[in-house]
């Protein structure tokens, strides 16, 4: 069986043999930053914006990747091209680039610290997990776990220290395996889901928590642009659960699914799901990327189900 | 050259070939817990206490290591025995056991989540880094980075999400490469250094921040016991920088160096360093473990310096 | 059908005709304090302690009930005696006394504010709701809703402003109708359930959050006494979810069920439920009150189920 | 003497016989939401906006009133029409609608929870309490009691849990019976008075705390509109006591008095009271509602004073 | 008229000519620490403890007074001896020692920073202000101003940055010129009055907020000792207003008046004032210092009133 | 040698004899407000704005200076004119006006509180300290000391309680004598340096923390105006260290140096220093004030260095 390849510091290695040292600080301490993209028609979407964000994350934790932008672009597009051979034409990849600080040197002697480890990999998009949700919506559950405050580790950097979100994800998933968490910040304002930004619609306006305390999602930015392009007022606002319980619609944005309606938050069903604003934005997304995102997800998800 | 071996899920592998998959959640998310021990006379010190703590850390993040206590003890003692052949008789090992949640399954299909990855490794103790500090003391610098609050990720679990402490460590090390951070919690109380507990001595009493907001160090517990054994009142207390600036002595405890006097915190030199209480506790430690901890560090550190 | 009576300002009224004015500040603003007791063998348990607590709650919100202690005791014991005729000999009552600030005067004119409204009522204990839980334990779910801080309204007063706990209760019950909330305070420490105190057992010690931020339950105090009487160390301690996830047993205390084992908190099953300490404390409770509390609940609950 | 009637679940009942069960959750727990309106020329002002807000409050605490909007409008306007017969032509009503979750079912058996209790009532506006303050201003006193944070119970919902504001009101009133509290939020920002919104004027700009942490008053919204209509910049802004002490004017808004100048906050007298901006806004209010609000209050208040 | 003298850097200067440069950092920035003592029978009470505390305050802000302990003791006792000539035998002094960082050097050139300025002065104790309060008690008012948190400036150091307490004092005094503030910390716990510590008595126990967030008063420590000597349990405890409203007695301690009963906090009158515990402690104080503190204050206060 | 004069309550006194009483509340408690200006061509820059700010600071702490605006303007301009004789034509003064609450009255008797003390003084600008930094930039270090929150003492008032900033300044200066602190607020947001406002530049936009939690600098306001005049978007925004680490440029503004590039914050060197935006703003400043601010500082600084 042919196998996808992974780029490790520029070398292409089959997935099953793609490894890092047990001394890698990524493995030891989560001492790494990453970013996640997806392709449309096998092309990486908003690659420059994602690399800008990766650059900010790396600067924040003080890792110099040691590779220039052009080289990163080439490695990433090259990898996608190579792995595209294993993909149906209408299917697409989820692409991750991760940069760790490299291996810890031996505890004795003068060996300098290692070079960063750069791993780029492609995964088929998990359409099965979310295809139905474009119609049914996703259920969110608020958690007792709060999003880490900026004075401890800034949520705006995308880092391999994910246990805060994982703890929240478990708190939600244990209750409903298809649910996702809706995390609050330490002051009780809405922050974000795990790996996805939260939006709500009220009186025809689109609102999302300010970027100050959440990851500045690329899909989040694209959605704000699309809304404004459609003449829908869209802005950042401090929000609480009161806003959710009195909203008309709500949705998440993320790289993998672009935009996903929310059906319910805790015991409150949203007034409509998918609501009219979500539907307009979904159509705008499909137009922007040249792919009907709902159809693509559903067609491939169905194909995966054994007859 | 003979090489130390590492235990990966029970298999002994030479260090240079000890690897984990790029899909391991330890590498991807820091989704792992760990514990660090050291040997005295090549015997693991307080192994049961360390495994109890590892067990609490794992329970907190919901990882079942899938291996019973006896087996872990055998793997760890076996590994130390094997690697002891590469160690001078008077030298000792730093031993780490790390348990990650294992590999992420493929994004499509029904493959269940992977089994935990258990990595046990031995490193020579870095005596060069701290041998002189038993006499000179270590300098601490408070940082603007605050220790993560329990509602986000509990500091009492020893987890592979170390960027909070790494950011603090960098803030201190950039100023003085031999300094260590003294982190405060989000309310401004003293918490801990990166990987070490903080103590101070005032009016003959030994004080340390309550375990509620810091890692419950095994060396910390041993030091409290030793102090009480010597008739020195020793207790947990909420502390602030005011306590530091008006203290007589201060010290850190950690697995590697046991107990280390502090010379200075920010611009305040402690009244004495090493002070009388630190010296009594250091002697008590040496007696407890059957090794003169200062002499051992200094002898080996000197041997490492090229003539 | 004979009907229970309710005492309204000392008058005995059948339940179906026991009413308060729509102008009562209890109805308008929740401007009232209350306390809840239960009987054993038709005798009110720790009546003086409950009236002391009611007195503190009333002083806090500045309501003078206008009735002395002896009269309250007489009204309450008299009411229980009267209603006892409607109760099986082995059954018992849940008794509530509520004191509101009385009616708002007309908006115009010089009518002074009304006198307090004192309502005392008896309800059969809802054994059906919890009889099985003595064996199976109760499931707790932490909530995003946090317990109101003392600077806003002190949790130590038992007041008719219950929406904070009701919101938490809904967040838990929507997920599992038999679950109860485990609320945190605004700093992320464990506080209490809705109307019940939380305890855990670790290494043979019984721990409960300090009374500073939770209601000082009478059953909580009785349980601490019983534990100490059994030689089990029992103390107040700031606790977080880490303590729960690493505990051996956990339980709730409340007036209605006395003491109830906890089976699970979020996704963590406690190590044993009912565990050995819970069983000893349950036996001690039964001895203290002269009733086998588990048998009573189960016998009556069974009797209620239609054949 | 003819008596006003109250609507209880649609039935018209004389005030003196308008009652709710002692089991009503409104009486037991303050488990209710409400809204307060007033009439001008015996017409309810901004009824739709008030019902929208009531709807948001009810959704937040999860009460479905079980009655549609049209029916509520009819009940309210009908009640005002009925009671108007008891009012002088130039006088007006204060109208309250309150929706509780209804009666608690018996503690045993399968009786489902009760239906919501809807109480609508009319009170003559208490002009005596504030008529003089249009000229003299009202004194505000900051309190140690802080406004409940959204993570505990959101201040944007108008709920029958009023003890937080009552405690603040008492703290102010004990010092000066005609004073009102000025509450801060838990971070020390200005929030609101008890049942009234706070505004200040500085350098010709009108500022009020953001709606995120205070009740979004209908009179507050009307005042912001009126200011903008007059060409006065008016916006939401986080404010502290420093802003008050350096302001030119300050005022409150509320349903009953519309807009009221503030004379003093703690020991600081405002630079002018009533100041020029307050006077312009008062005139604009009078024009908006077609009633000279100051004259109305003063005329009726004088009429009430016994000769 | 003979005039008291002040010691400025060891020089004795008549009060009317005792000055510091306008460049003194004490005047410019409040950049100074101080301590306040009083005499009994013209002897400084607990001088060593006060100088220990001054030393801690100075160390905290990094001022080295440049004078050894013996010399300070001599200067202080010498000054008291000199000024005692102007005092009635039964009268006593309030003595202040203040150490500023000295003069700012010129903005240009290499002049080093100046030497500390040490000012020691004697004032007759203001018995008129508090003599009656031993019988009537003092009224306390909680304030919206909160005590500065340790992460900003530690309340345990006695520093010339007093505006936080002055703002609180004004908030209280504006309402009642004889009242004093009762400040809360930023979490809403009781902290201290301005320049005095707060205690309450409940069920025969004496409680006071922990020294962690308040100045560790010398009179506070003496009172805890005296209570324990009388067999009254006395301990530090986090306290809130709920504790005050449910207390039996309350009192303040300070250098000037030693111990003073509290009559009222906000609208709550304490159950007894002066209560039995306060009376026992007052008697114990008088015995400790060899002066009937109440009689002394009253006798001298009366003597000061013009006939 | 001729000497500069200082104005004390309107009297001109040589600096060496300009003193205040040891009883002055400015010296005792830092109970004073102040403002600092500078001259360009010997004219006070934005005098009215500075006096407006002084007025706000004084109102906040409740000091009435007892002198009208015109008189203050005359005193200040007069003093500058007098002292200008001692200044080279191309040199300029730093001017401070400080208003304390005046002397504490005697502790006994009815003497009323003293009148405010107004001190106005001129200092040569310390060009030596910062002339080189226009080219090299200033290094900032974040501190563990946090800026005092508004509920304790509002940072928007410029007060003589400077120990909070002094503690931060020491924390920075001990590490690097030429560094300055970058303080965070108690929530971990960027606040200000000691006596200077912080700005950063990102993607061509100028950002600075909102005035709500920092002193509203006059130079800060001028810089925002200048930026907007140059077509550079400039706005207030909540900022964290993440913003700093991902910024293109950063700078401080203050009265003395107007605007100063930042080279480094902790271990992060800014991308450019002085960067293009800083250079444009510096040129705009020079044009605004009619002085090449960089040249002036460098010329005078060089002249001061002994050959």
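Per-chain numbering from 1; labels A, B, C, D, E and F assigned in written order.
The rule is short, and it goes like this: contacts are C-beta pairs under 8 Å (C-beta built on N, C-alpha and C of every residue); 3 or more make two chains touch, one makes a residue touch a chain.
Quantities reported herein were computed from a predicted structural model and do not represent experimental measurements.
Traced through touching neighbours, the fewest hops from chain C to chain E number 1. Touching chain B and chain E at once are the following chains: C, F. Farthest chain from chain E (centres taken as the mean of C-alpha atoms): A.
With centres computed as the average of Cα coordinates, no chain lies farther from chain D than B. Chain F is reached from chain E by a rotation of 180°, derived from superposing Cα atoms (nearest 5). Centre-to-centre, using mean CA coordinates, chain B is 58 Å away from chain D. Distance between chain D and chain E, defined via averaged C-alpha coordinates, is recorded as 45 Å. Chain B has its Cα centroid 33 Å from the Cα centroid of chain A. Touching of two or more other chains is recorded for residues 62, 144, 146, 149, 151-152, 170, 184, 186-188, 241, 267 of chain F.
Under the touch rule stated earlier, the contacting chain pairs are A-B, A-C, A-D, A-F, B-C, B-E, B-F, C-D, C-E, D-E, D-F, E-F.
Those residues of chain F whose C-beta lies close enough to touch chain B in the complex are 141-144, 146, 170-171, 174-176, 184, 186, 188, 241, 266-267.
On the chain E side of its complex with chain F, the touching residues are 6, 8, 15, 18-24, 26-32, 34, 61-62, 94, 98, 100, 106-109, 119, 121, 123-126, 128, 144-149, 151-153, 159-164, 166-167, 170, 186, 304. Listing the residues of chain A that touch chain F in their complex gives 56, 59-60, 62, 149-152, 154, 156-157, 187, 210, 212.
Of all residues in chain D, only 184, 187-189, 237-238, 240-242, 245-246, 267-268 touch chain F in the complex they form.
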